[in-house]
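Per-chain residue numbering starts at 1, and chain names A, B, C and D are given in the order in which the chains are listed.
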């Protein structure tokens, strides 16, 4: 079996530490916040100048001057701070963000990340803060489907798409597995229930090692 | 005759433009503020994070958290802003300060400034924000006695003391003359009443040119 | 006396010339100085380079400036926002130049211009296409790219409150690039929702100090940005 | 839950080790974290490098740390303040090392450490003794010196108000180096005159956001610095 988007988000959420400063990328990472246990106080950073971002406002209470990096309406938590863009990026680039959850198009065996353009000729590209986050955050977790829609692997020995940053990803969460990027290569910590390692390897474009203490991904969602 | 310290300060003050952002160095420059005409709104910057510094407080109203770069108690003008040190120096280094009035030990014919140490071996030196101000301010005026106590010239072809910054001084005010540093060398705009040019040149270690429209320094103090 | 208030939007943008580089505050639709941009459209300067995080959405403000054919080049991090139809059309047609800069580097380059930093090394972008042709240096165990200051001839800024010296505050996340851009231009022009008496702003909570601001106009009810 | 409050000054400075670099907020006697410095004296770490604008006056706090023989090196812009008798004596005796840095460069180097800048070019100091041995580069028509980030293992910070996340405000010009130093250290330790409820500080007027602070202790009536 493979995880749904919600199951994947819930699995990632289980690992988000209490009290951490976290930046959530656009898409799947944003979904993670919905599954973080209520007893954890996670402080969300948005690169347009918010530290301590809260959930979406109630209908009718949206403030056009209070949006996140994905341009969605948000709220502030008690303890939030507003800063300007350069300071918001000092938090990122200076290594102060504990954890960045980033969507990925490809990840290499050495933790190279490609997540900003599928286009070799950069037609209508947009990079946003992705390169800053990938390079600057203390830990980077990449979230993605394990394979492309047409079945191609997204975990590769070397990325074929333009890089966002080299050697930055610490951990990969996919709908099939949780994989650590280590100095000894890619180590599988968890696999989707019922999946066997040979099948996982077959669907992966880089050599995997199965951890001795691997386990099945726990599904809470 | 030669100008007193007060006369010199008053002469400089007459040239401080209305509405300007000005940083006053320690010593003689600080005295200038006392002589700026009351109808001019000059905005004083202090490198420890004050823009819009006001005069000394009344006795008994001193606040130990409100001091200037010389560690003297000051007040705030309406319109003042408090910033942190790095931002205060961004104002200096980014060229935003219209005018820095700096005390000088020596000034060269090309506007090199030496004002931070008299010691060739740097025994107990202190540089403070002098190099930043000399390099960063849009205009730099050097204020000093024309000669040392033992009669040596302080305006020289080349400074003999360690430099604060090269080619930064725009104008020199001394107790004998007002001298512009130009691409054609040092041009005397004003001389102390009664002083003749030959005498001024004799007391100066670099070649001077007397401006055609030179005049005697007006004494208001 | 320092009093930088001007009496009309036309006066606010007076003197902007063809070929200038204009920094425009805002992120998404928050903090975009709509009325100042429209004044630039009316004013007529062309062949402009604009620096802003996004390349405009809808048909008004930034998109309006692009649609009017005034912009030669856009320097930004994320031109492809939803609704960036005008930019998309011009870019696809090869009628506009794009310099894509990582968002943090964009902000830091402007900060460098404002703070007198002549250039700086950052690991952001190293080993990527956006660093092609740039000097790379290994520092502290990591490849860094040399990035140069990005200075504006003009900055157009939207603020919340202001006084006649030019001290500014902003509203929430509409602050974004404005304080940095205000530092980074030769001529910083501000539209504020409200101009207050000198001394009414708390010195400790002013975000942009007056020294970074050159012209000020009150626009009490600014239009939202990115209208269709 | 994020709650960085600690219950004693000893706990606040726990773990500071011999040989560490400590950034100490303050300019003159404003903003010096006197009680934290005294806790470091009590704690006993030695062979320290301290970074602060001045090298202490009187006999307490920074001067006390110097007098206790704990400091190997001072990095500062202006050691010779009036009353810097302890430093003067140690320096004259060759018992302390001094790295003299222009004040703006000192601040900018710490900011670089906090903001992930790997190095930067500044015209300040070019052609002077303080640039001897440093790389010089001609940029934008002017000589620039390459300056490297200055990072602390620890920062000792004095603040006015704080909350349990570590958001900070300061009092007037006691702000000075604190916000920059708070960014620039691995372990930022703060003494605040008052700790308030989370949410009591206005998000728009917080000066140091919580992400830069690691430990917090309330010191309601701090001693003045520089006592004889």
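Following the convention adopted for this analysis, a residue touches a chain if its C-beta (ideal position, glycine included) is under 8 Å from a C-beta of that chain, and two chains touch if they have at least 3 such contacts.
What you see is a predicted model, and the numbers here were worked out from it, not measured in a lab.
Of the two interfaces, B-C and A-C, the higher number of touching C-beta pairs belongs to A-C. For the pair chain C and chain D, the distance between mean C-alpha positions equals 33 Å. Chain B has its Cα centroid 55 Å from the Cα centroid of chain A. Between the CA-based centres of chain B and chain C the separation comes to 35 Å, rounded to the whole angstrom.
Our note on geometry: chain A versus chain C, Cα centroid distance of 30 Å, whole angstroms. Contact of a single residue of chain A with at least two other chains is seen at positions 82-83, 86, 89, 92-93, 136.
Within chain C, the positions touching two or more other chains are listed as 108, 111, 115-117, 122-124, 172, 175, 203-204, 207. Interfaces, counted as pairs of touching chains, are A-C, A-D, B-C, B-D, C-D.
Across the interface of their complex, chain D is touched by residues 18-19, 21, 41, 43, 45, 51-52, 76, 78-83, 86-87, 89-97, 136 of chain A.
Of all residues in chain C, those touching chain D in their complex are 108, 112, 115-124, 137, 139-140, 142, 144, 148-149, 169-170, 172, 175, 202-205, 207. Taken in their complex, chain D has these residues touching chain B: 27-31, 53, 77-82, 88, 91-92, 100-105, 107-108, 110-111, 122-130, 171-180, 207, 224. Interface of chain B with chain D (complex): residues 46-50, 63-67, 71, 82-86, 89, 92-93, 122-132, 135-136, 162-166. By the touch rule above, chain D contacts chain A in their complex via residues 1-2, 111, 113-117, 163-165, 167, 183, 197-199, 201, 203-204, 206, 209-212.
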